[in-house]
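Note that the chains take the letters A, B, C, D and E in the order they are written out, and that residue 1 is the start of every chain.
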Amino acid sequence: MHSISVKELTLNFGAVSVLKDLNLDVAEGEFIVLLGPSGCGKSTLLNCLAGLLDITDGEIWIKGKNVTWAEPSERGIGMVFQSYALYPQMTVRGNLSFGLKNARMPQAEIDKRVARAAEILQIGPLLDRKPGALSGGQRQRVAIGRALVRDVDVFLFDEPLSNLDAKLRSELRVEIKRLHSRLNNTMVYVTHDQIEALTLADRIAVMRGGIIQQLDAPQVIYNRPANLFVAGFIGSPAMNFLHGATVDGGRRFEAGGIGLSLEGYEGGAVGARPEVVLGLRPEHLEIVPGAEEGRTIPAVVELDEPMGADSLVWLKAGGAQMSVRVPVERRMARGAAVHLRVDMTKASLFDAATEQRI
Amino acid sequence: MLYGTLFIVCIYYILPLWVMVMTSLKGMPEIRVGNIFAPPVEITFEPWVKAWSEACTGLNCDGLSRGFWNSVRILVPSVILSIAVASVNGYALVNWRFKGADVFFTILIFGSFIPYQVMLYPIVILLREMGIYGTLSGLVLVHTIFGMPILTLLFRNYFSSLPEELFKAARVDGAGFWAIYFRIMLPMSMPIFVVAVILQVTGIWNDFLFGVVFTKPDIYPMTVQLNNIVNSVQGVKEYNVNMAATLLTGLVPLTIYFISGKLFVRGIAAGAVKG
Amino acid sequence: VDLEVTHWWTSGGEAAAVAELAKAFDASGDHWVDGAIAGSGGTARPIMISRITGGDPMGATQFNHGQQAMELVEAGLMLDITDVAEANNWKSIVNPPSLLDACTIDGKIYCAPVNIHSPEWLWISNKVYEDLGIPVPQNWNEFVASAPQVEAAGKIPLALGGQPWQSNLAFGAISVAVAGLDVWKKVNVDKDMDVAAGPEYAAVFKAAADARKLAAKSNVQDWNQATNLVITDQAAAQIMGDWAQGEFAVAGEVAGKDYTCLPGLGLNAYLSTGGDAFYFPKLDDPEKEAAQKRLAALLVAPETQVAFNLKKGSLPIRGDVDLATANDCMKKGLEILASGNIVPSGDMVWSADVQKQIEDLMVEFWSSDMPAEDAQAKWVEILKSGL
Amino acid sequence: MADGARRNPLFRNLTAKLAAVPMVLTALVVFAGGTVWTVVYSFTSSKLLPKLKWVGLDQYERLWGASRWLVAIENLLIYGVLSLVLTISIGFMLAVLLDQKIRFEDTFRTIMLYPFALSFIVTGLVWQWLLNPEFGVPSVIKAMGWESFELDLLHDPKIVLYGLLVAGLWQGTGFVMCIMLAGLRGIDEDIWKACRVDGIPRWKTYLFVIVPMMRPVFITTLVIVASGIVKLYDLVVAQTSGGPGNASQVPAMYVYDYMFQAQNLGQGFAASSMMLVSVLIVLIPWAYLEFGGRKRG
Amino acid sequence: MHSISVKELTLNFGAVSVLKDLNLDVAEGEFIVLLGPSGCGKSTLLNCLAGLLDITDGEIWIKGKNVTWAEPSERGIGMVFQSYALYPQMTVRGNLSFGLKNARMPQAEIDKRVARAAEILQIGPLLDRKPGALSGGQRQRVAIGRALVRDVDVFLFDEPLSNLDAKLRSELRVEIKRLHSRLNNTMVYVTHDQIEALTLADRIAVMRGGIIQQLDAPQVIYNRPANLFVAGFIGSPAMNFLHGATVDGGRRFEAGGIGLSLEGYEGGAVGARPEVVLGLRPEHLEIVPGAEEGRTIPAVVELDEPMGADSLVWLKAGGAQMSVRVPVERRMARGAAVHLRVDMTKASLFDAATEQRI
């Protein structure tokens, strides 16, 4: 039994179709991240799951029950919002217990649940403060607590960390991950931050224009993106793209005077194609002093960006701009002519027309 | 259910207008016998004509028509001046804070609560000393003064909701007080100007007290004429003429509301609620 | 010369009367700029005073003469028209002389009286009584006695408008009628407070309390609406000044036939003689000043007096004019006037402040069930404060 | 060399200060000056013209001894409380109704707002007429078969205030509704969602979550409505003239009558000074909430 | 001659002192980044430089001229804001030329300058659009252009990239760096993003509470933070801290049963101190299977966060939580007992009391 099962979901806002025949199955206890550019329909999908939007067509099943037309509170879900959406005039305790009181739960049970949530989230000392007197991170924890006390099977998060600063974000990321491994319930998590997606997810659903482009484990998404969009979207700094053609029956890639052997490329039968895109991640390139036939690309250093732990070197190669990640100690002089060694086993190759991975 | 409630509520709001319009279209005999809510059996525009150009007050029997143009003559400069002054105030208060500005602003806000009757006498003295009592400019000044508190508040709230960085950018660009006001702030403030215009047009057009105290008969605004017509009971009250006169007087602000109600709400959201 | 004249005469009969003044003034080559302010003196007076003190005075303005304009005169804002008065020999022609006295401050004359008003009249609809088949009452007591029958017929015995001054007027009329002239004078002129608190006035308040019951069902605001109730025979009677006559006239009713008028409520044939007067604020323009004086002279001139007072239904301020065309009621008034049975008006004996307080008291009295004794006690308090 | 020298701070941003002169003058001369003037003359026995003849607290003693003033104050309190509560609650409820993503919202809103465009004078006249028992709404109800219906809102001293209220609400609720609507629209969408997920019924959401969140809007509205109530004059004059009797007197009328009709400026000024005090009572808590609160936040 | 020289600058807002006796000298053509947590006074300092705030005390010199009381427009500065602050009602061209028009520059000169800025920033085709019709990145470019046309010596940036998404941010970052190397004028750049700071700056000024904590080149700030605050603030994931003591005359560090040799630590004379904090960056730790006397810390794996290019392993070690950066291929099982080898040459040691680097 799937924890969540979305079948042929379509959602239109008036004439605009935001989600189109979307299918998604989430296993029990799985952590799914919805990732995609702004406006791609992530929040919309989450709201459909929560029952906050009436869908146009399709079905939604949660825990084996068709909840397509059930009220949000009946779906066994808890939801955490980007803006926290705490009730400002209630104390933290009030925020946590408001929903339970409303469900006429006995006070003793409420107290127990609030205490448990407070303990899990370490917000015990804050219980009698109002949200206005909390820091961003604390507020977000309370927001999570509100979902927690409801003892639901499915947690829905809509960019819960976007409003926090980088430091807090990375801390809370770890906390959410820990929460998941402790509670082990199903989580659907919307973000446009790929670090969050990569670190948290069991599987990532990369969306664009209301359509799931790829649904897979983070490493697969990162290393074997299914199409050009996913490849370009995931990874920072972004993947380098070289536009060219495969020749020699698919054994070589050629572009603007560059020739690379495709030996070791783990894709399927490549074949000769007139228009392909070769994608190379910055960390899969290595700067070497001398050319190696079929394995290196000549390049000229343009800029060098030290980023603390490592450094990003920007180069001009084969008419395109490329970036390479190097250890921070290695400083490159501007204008230096170097060669980039390509690790073809980790490269991605796409058909320029269909944009699909070959 | 929802619409039902709204519908009933709307009846409450519409009813007086309905009655006014219907009555103003009836002849006196019909009014005496008939139901005030019933549409006229025989539509007559005579009350309107009478209200507009024939009704008498004392010896003047030219109805509201004279008052209308007086009102326009009062309205236009008053609205323009009061809004101009208040918007500059709001702008100065938000972007060019100087010592004591808050004190003046507080006094101003306090002023918006003072019953007008209280201020009447001091203002008479003030205008007398300035030598503009009884003139159009005197009245315009009075409207500007009494419009200032609420409009300044409105503009202040609005301008403080505009990004401060815009102002900073303009200063770095070398624009001065007026350049920033005219070139940057004004073009961005349409919603709040709409609200201000609507409020002022309504307020000034409907004003009776100032109009009657600070002017003289040849520049009496329409409301004074309305009062005269309605209160000059000659035998029986001519309800139809009164209603027509009332409607005629309300026509300008009503039209403005009907046309720009939407902008009004938007402007209120931008200026009055934030703050 | 254009001269702006402000006044609050806007009802049908009043407006017609003003038109006479304007006509006469225009005939002399000047121009009457009408500045009517509808409502009543209460609405108009503040506006007039504001304009005078605000330095934008009109050419002439109506006031009830008496203490109202005194401070304006003292402040030097009013034009001294003694020369006009002397040239036209007002001293000898204005009757009663008290009218001119009210215009005189420190021996100088500042206003031109135009009419005499007496508020102590009872107006009765003859038709109501004809329908009932009983004789038309000839005095207040008879009227009170007939009231139950009137009420039984579903009519309002006494019409009374809701405006404060009408309550006050009704009380004033009742007090002169019930207490009699001497008592009235003791209190209001000699300011004898013991009399005010005494039994004579207790009777007055008692009568007022009776009247209150009779007026309970009347729920109109304006005085002429109340008059209209009598005209249309919905009410039996109204206590109102002689100006009510104008309304009857406009409605085409004939005194004696359609309605009956009882000066002094039919009890004491005394009339208090208030009235309207015109004051002339000081203007810097000598031409205008000349016009003001022309207007002053004109207002007292016999032709104007006749034309004006006939339309307005008030009495002329000079005894030497011929009011042959005057109707039944007006003649009654003239007779009383000629016989000298007059009392000064409240405007002349008490300050506006005291009058306003009495008015407030009366409003309260007429609209509540305040016992007569309490009202009297409060009334005495107010009078004392004005000593 | 002016360079780097500190200029006289008075002349920094001189234009801005010049532009604020009208405001400063208005605040100081008209509002502050006028108020002080009024208060000062309330201690004199000025009659028709202001004169500095001191009489101490006499005017105030007389004021608080005048039954008409007491009635006016009581009326203002009753009317004020009712009108505040009703205007705000009705305005809020209408805003809630309009906030339900209904069709023709613009039309409904315009209908509710248009009375605001009319003057109190007009409002008073129309409702005076509509409430007339002989041919107004009551008579229509009677004619429709409810024979025993008796409601004379304007001539019964006990209920005349409600007659004023009906008219006052008609005129003012639309504007309040607009402010409330704007306030509702400013509430974070996510709060609604959070409440739905928590299973809170809509009415409870409004009552326990939204209303508390709109506190600033309520306070603004409160102040606007309250200031209008203190000034209440035109409506009463047009609709009832304070009657029947003194049943619908309000302080502003007392001030006006005594200043101009009774020609007792001192008394009028004393009454207006008392009104100013009541304004202060309204204003100071507001100023505290509005400005004191902001500094902390 | 310094390009900018701030002398004993103090700024109070009412009773609150936001900047305290601040000194800062910026060399001609230098790129200075002001970095610090929210509310530390970065924007305030920048506004003081621009003349948008009247300072309480001190002096500001730009290009050898005392401009302490000069108008913003007279200071020869250009400023770029976080929210772009474009004039919404003017076209891009209008935005660019507004300042020049105010200075009554001849139209021909204005056109020339606008054209040049448009060419540098590649916004030529956008010149006749209004800001509303531009994307975030384009708007930011126009905002930069507005400073550019004024041909000023000093550029001030207040978090110019904060409102952009990660991808655009890294692109524009590179562009700004390029712009700087092309124009070579002085730039003061406020940010709270350390990657921006590290990649762009010639020198970084790390601020806290209105005081500059350390002013140095990025690599120095990163590798040799002057105090605990700087150490903790810079670096993501944050530096690991171990609280302990130096013993053996400063030759060993001991904490909760861990003993590490301080040999190779590049600080000065350490000496024996009862309370010190040892800071170790995640990338300077290595996970090794076996213990090495004085060089490793025993640890237990808690969590493993793959982040695409590499992976972060969270461990419990010496009572504290530590993170280590490892290649993404290396997955660690939860609960595994490992050892962390410390590279003492890259460690930082702080006095716990003064918080200063030893």
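The rule we apply is simple: contacts are C-beta pairs under 8 Å (C-beta built on N, C-alpha and C of every residue); 3 or more make two chains touch, one makes a residue touch a chain.
It should be emphasised that the depicted structure is a prediction, and the values quoted were computed from it without experimental measurement.
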Could you tell me which chains are in contact with chain A and with chain C alike? D
Taking mean CA positions as centres, which chain lies farthest from chain E? C
Interface ranked first by C-beta contact pairs: B-D
Cα-centroid distance, chain A relative to chain E, in whole angstrom: 26
Distance between chain centroids, defined by C-alpha means - chain B, chain D (Å): 16
Need the CA-centroid distance for the pair chain A / chain B, whole Å please. 56
Show the residues in chain C shared as contacts by 2 or more other chains, in ascending order. 46, 53
Which chain B residues reach two or more other chains? 120, 227, 230
Where on chain C is chain D touching in the complex? 41-42, 45-46, 49, 53, 68, 70-72, 75, 162-164, 219, 221, 351-353, 355-357, 360, 363-364, 366-368, 385
Using the touch rule from the top, collect the residues of chain B that touch chain D in their complex. 2-3, 5-6, 9-10, 12-17, 19-20, 35-37, 85, 88-89, 92-93, 96, 98, 101, 104-123, 126, 144-145, 148-149, 152, 176-178, 202, 205-209, 223, 226-227, 230, 239, 242, 246, 249-250, 253-254, 256-258, 261-262, 264-265, 268-269, 272-275
Note: in the complex, chain C contacts chain B through residues 4, 6-7, 9-12, 15, 18-19, 22, 32-39, 43, 46-47, 50-51, 53-56, 58, 222, 224-225, 228, 247, 250-251
Touch list for chain E against partner chain A, complex: 37-38, 165-167, 170, 173-174, 177-178, 181, 192-195, 198-199, 218-219, 222, 234-238, 281-283, 303, 305-310, 312, 314, 325, 328
In the complex, go through chain D and note every residue touching chain C. 47-49, 62, 66-68, 71, 152, 155, 157, 241-247, 256-264, 267
